[in-house]
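In the part that follows, the structures are each spelled out as structure tokens.
Across the two complexes that follow, chain A remains constant while its partner is chain B and subsequently chain C.
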Partner chain A sequence: MSAIAHDETVNSKGILSGLLELRDLPDWFREQQHAAWEKFESIPRPTRKDQPWRFSNVDLLDLAPFKLSGTVSDQARAAILEQSNGLDEVAARLVFAGDQLLERDVVSEQLSKRGVIFQPLERAMVEHADLFRKYFMSTEVSLGSAKFAALHQALVSTGTFLFVPRGVEIDQPIEIFHWLAGENATVFPHLLLVTDELAKVTVIEHFRSLDRNQRGFACGVNDLLAGPGAKVTYVCAQNWGDNVVALQMNTTAVDHDASAMSLNLNLGSRYSRFESLSRLVGEGARSDLLAVAVATNEQEFDARTLQDHISPHTASDLLYKNALDDRARCTFGGLIRVEPHAHFTDAYQKVRNLLLSDDSEANSMPGLEILADNVRCTHGATSGQINEEEMFYLRSRGIPVPVAQRLIVTGFLNEVVQRLDQAAIADYLNQLIDRKFAHSR
Partner chain B sequence: MKTETKAVDIDRDKGDFAYPEVHVRDAGRGLSEKTIHYISDVKEDPDWVREFRLRGLKTFLEKPLPTHWASKDLEAIDFDKIRYYLSPGTGAKRSWEEVPDDIKRTFERLGIPEQERKFLAGVEAQFDSEAVYSNIKKAVGEQGVIFVGSTEGLKNHPEIFRKWFGKVIPIGDNKFSALNSAVFSGGSFIYVPPGVKVKHPLQAYFRINAESFGQFERTLIIADEGSEVTYMEGCTAPKFETVALHSAVVELVALKGAKLQYITVQNWSSNVFNLVTKRGLAHEDAEIKWIDCNIGSRLTMKYPGVVLKGRKSRGEVLSIALANNGQHQDTGAKMIHAADETTSNIISKSISIGTGRATYRGLVHVPKHLKHCKNNTECDALLINATSRTDTYPAITVRGTGNSVQHEASVSQVSAEQIFYMQQRGLTEAQAMSLSVNGFVNDLVRQFPMEYSVELKRLIELEMEGSVG
Partner chain C sequence: MNELRVENLHVAIGDQQIVRGLSLAVPRGEVHAVMGPNGSGKSTLAKVMAGHPDYHVTKGKITMDSEDLLALEPDDRARKGLFLAFQYPSEVPGVTIANFLRAALQSRLPEGEEMEATEYYAKLYEKMELLGMDRSFTSRAVNEGFSGGEKKRTEILQLAMLEPKYAVLDETDSGLDIDALKTVAHGVNSLRGSKIGILLITHYQRILNYIVPDHVHVMVQGRIVRSGGKELALELEERGYDWARAGADEPVLTR
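Up next is the complex of A and B:
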């Protein structure tokens, strides 16, 4: 990318015209981007008084310093590719740095013959325009970040398109890396995942920074669609650098008899907000929402969720766990909404905070809106500290305090990770969690 | 359970009557500085109270309606059409004989005196905005308990009440506390001296009688060190064509080691907006308990709170809400922990019938460097019909280690098996339903004083009539 885009900050209008000249995107998509930009400009910046932003540190959302990522240097490129190590065995892989696709490992010939499509977003716009136009950002982002979703749409230029056709089961996970490289760089990750009837797939996304000290801004949107009877698992391992402000807006639509599971692991960034909307649109749909956060220093994690039960006989289960140390803050704002006529809903929501220091702060807002009567909905929120007896038990067996504390905390978080029921991914996530503890203690 | 339901038609006969209005003082409709001066002149307010009212008016006019989180239904209130002050023109009476006959008749229909007078230590009944009848049993008076109306309290006992008046709930707390600060009249001011334990509950009844007339009572209860007192407030109001507004402010102060209990049974008619601010301040070792029961009104917004200011203080809110057709009960609780070893407990049960909507809104705040604070919150909601709605919106903030907070909520419906079991044994479906709902709230109702739990069970039965079938 040229120097024109480089000089403009991401919130100035010039950036768009600069982009449009340079990027090779279909006209209809450019028009949508223009409209999205208008929308971005028309929506006011959130304030803490807005209900969806209650308790959130909105002052950190100043976009002025951030610029579009340019082309990475050969040196950075080599470093990124070397460090893009995640799971041992994967079905396919994409590595992005900023707006640039660095590496692509395609799916096996067997899978592509059966109709699996795994390609960069800009190619899907052209080659699979129908699917793309039907599902790309088709649901309004309603959990507070509509403004930033519009910004994402205006500036996104690449990302991942994955289509799994009817009856195809992909056994190994598909892996996507998004890297931030350079001071004040930005990244707009996008995953458009469409599964047809009875398809099965697991996707894991890794969010990382090349230099952990550099400032950056990440603004991602994912559209995840589970077709009838499909099984979709989405895992996000968020480990941006320490000075990154990140927003992620995921929308999952679960069709009849399908099940969707998501797990968000939050380790990195200065401020990270994760909005997860799960829409249970078909009868017999099920959605599991999982999240784990280890917040240290000044970190702030802000999770907003909506379990939207639209059809009868649907189930959802949310489990979010946060371990907070130093001056860290975690906010959870979740809602179970049972629409009229969505009878026989079974919904559960639980958030648990483990406070490890005197200056950490946990805010919980577990909500229910029930408009049908034949339902079973419960939620719970707890905030507490390490149980003295557990600590005593471990110490009496000769385990030093810091180790005992770590064991208790990882045990606390492991319950969530194990829910995935995928040993390789669970091991990998636990390793990331361990590494964070090793660094912070 | 799948039961199609007709609209519930509640028997409101008991509160649904009005005698001809004879109001000597009337501030007219609408609100301006003139209204404030009129009220202050009539009440012969001290200058500082007049000032207080004017500041209240200013704040009220400045603050927007809280519709960014609250019900849009608030926009239906036409503040210019409301009469802010009415008085029967009679001063507070000391003996029953002096109470005007027609007012007596109103109370008799409500069943206040006679049977209950014997039971209760004192009756401070409010007819429209002025206390028309006030009688504290001799024994309580002898103990040094002061039990007067707000006007009398501020005028005659400023040394006691001025210190805390407007301190627990400042003028600017919210739009409606500001409104109350501007136009308040009536309500009860109570002072219980150190060590005095008031055996019988003190009681006041509030009624709205004149059409389009808002009632803005102001209550301040101070329980001095080591004292104990229970206050009961019951509301019924006749039905009217246009919208009525009720916006009270209740402040409780429990000094060291005191125990204060405040009980409300709210059964306003279904056109009343009931927007009330209630908060208590608990000093060291003190205990404040709100028992709050909301059955009537069109929209109630009420979140009784306790500021736990002193070490080892305790706060509790027990809340029952019943939302029938067209009603929205937006209730909840606030617990602000501000000292070590403070504990709070919130138990809320709601029942939604027909198109009724019950909302729980909660706030629990444990700031940093506090130790051994505990909060327990439980919210259970019961949905009776397919069109019923319930919401839960808690907000919990915890800082630091050494505290424990837990919140749980559940939503369910009446078990079909239970109903079947009871029907099999000869109960009608409606009876079974009513029994089941009473069972749902029973563990809470049992904590109410006896006469209230009886009344409450009857009210629930009444509301359940015709909700099935």
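Up next is the complex of A and C:
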């Protein structure tokens, strides 16, 4: 891709220089953006002394070098579209580069007739203003990145709005690509997913860089709302280039008898932080929080989570697994909070780190805050190395050490991937994991 | 010469000598049984042949078709044709039997050559049928949550798929009920022939009713103390290991 390493974008305004007024966006949205920008400027940059940023490499969050993405060149556009290959079968698709929508495969006529809305943000905020305004960034980002959520809100100009009405089940996954293209480019991926009662949908987002060596900054927000009895599955395959600094803020709200499952696969970037707030809002709600990371070289993955049980008879289950090699670092800070009325809560939290090198480092800070009775909660974080007997067993079958190590690691991570219970997506994610191993060894 | 040969082998874990001057040779085409009481060093022998890193050969040598095995890494030994069926096979969480065996077979192919998937599965299903294993087994993680019998069957399935020149079966009979034992023995017997030499390590005579050996060696305190034909196993069963120990004053060299 080095042939198109130059001039992918036309604009080159620094992101810290303020708001762009290029796009024709509604006034109310503009006003929100101005307010967000002020908020961004008023909140100080995080330091390591801030509890939510403990162990984080905050020095990497210098945003001065990064530029607002403009229009991608025809060449870059063609390359991006050619490489936007994910799952074999999808219900619909959007491809974004920077803050530009490149391609859109709409949902079937049947689904749109039943009221499914799958639109870029800038259209949804006009055509479905009430619905959009009700949910757009409606929950305060509280796990450390309020500053960056404000930045996102100030600068976001496109993204995905998906609404699945009452009783509509979409069988195939909906797929969204976000690409970074250009040196010091930025991207503000946004997903707002709203499901009504008994709706069912799976969304997969792919985060990628056109040139894996270029520096870039990604600052994304995804908000998932599962209506009563709805079933929402969200998968993010994060595979930004090696010199990208990325932040992703998630809020999941689960209404009564609904279930939400999210899986974040972390493969790319130099530093990637993921904040996830799961709110069990209605009785009988369930949330599964899954994450898998393969961290190599100097990569740092930084996860902060809150499983917030607001109603009784709710369940949440967090399982994060990281494989760390070289000098890579993984940080986990997670809290289970059971609020005073949330009796009969089941909440689990498990973080497992597999250390493949002596220099890799994992820090886990699990926490519990229980204010209700009759609650079942467990949490635990472990770090370990590959079991020697297991390694010997594989070698005794003729499998060479690097292959044996890859098998053991993918097997370790596969437990998480299989929880999705969606074979096509699991196969796809496992392929990405395999490919990372093939490149790093 | 086409044989798996152990000469005057001494093995230690830490300061403790486990095998003390053991010699035996298994030619291809034959089945040899090594019988011995607990603590005689049988499993150590098996593991040291496969190259387990915890055991140190302090003296002696092991060769496979005249090639020095001890100079090879465990995975090299396996690719050159040695197989160990473990007494306690490891679990490999998240790795299915199909993927595990595929990786093992792939590692035997020259670089760049890919295995043919249909042929692979046809062979896998054939061998599973032989061992009375359901096809759904292929998508289960290796040994994870398996019963003792399932683990042993999986070991023999691997043996059948990898087609080694020499196989060391370490107490493959332990923990098996009679039906499972018969199935496993049937699997092993179907692999017998001129292309493979088998070293069957066991505590009990029972399995030898089903896998009839060409030679029997009795191992006590890290040495072979008696060798003979298949009738030696029955004699040992009758007289007990004390009788065998009584003959241990002079190490018996076979072949």
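Note that the second predicted complex is superposed on the first by the 420 of 441 C-alpha atoms of A that agree within 3 Å, B and C clash if a C-alpha of one lies under 4 Å from a C-alpha of the other, contacts with A are read in each partner's own complex, and residues count from 1 in each chain.
Operating definition for what follows: a residue touches a chain if its C-beta (ideal position, glycine included) is under 8 Å from a C-beta of that chain, and two chains touch if they have at least 3 such contacts.
These numbers were taken from a predicted model, which means no experiment stands behind them.
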Overlay on chain A: chain C relative to chain B, clash or fit
fit
For A:R133, decide between first (touching chain B), second (touching chain C), both and neither.
neither
Chain touching more of chain A, residue-wise (chain B, chain C)
B
Quick one: classify A:L355 as touching chain B (first), chain C (second), both or neither.
first
In degrees, rounded to a multiple of 10, the angle chain B-chain A-chain C between CA centres equals 80
With the two structures laid over each other on chain A, which partner does A:L394 touch: chain B (first), chain C (second), both, or neither?
second
So in the superposed three-chain picture, is A:T410 touching just chain B, just chain C, both, or none of them (first/second/both/neither)?
second
Looking at the overlay, does A:N363 come into contact with chain B only (first), chain C only (second), both, or neither?
first
Taking every C-alpha pair between chain B and chain C in the superposed model, the minimum, in Å, is 15
Hey, what residues of chain A end up touching chain B and chain C alike?
none
What part of chain A is in contact with chain B in the complex they form?
49-51, 54-55, 340-341, 343, 353, 355-386
Under the definition above, what is the set of chain C residues touching chain A in their complex?
50-53, 73-75, 77-79, 83-84, 86, 89-95, 99-100, 103-104, 107-108, 141, 158, 162
For the chain B and chain A complex, residues of the former touching the latter
1-2, 68-69, 366, 368-369, 381, 383-413
Which stretch or stretches of chain A touch chain C in the complex?
387-390, 392-401, 403-404, 407-408, 410-415, 418
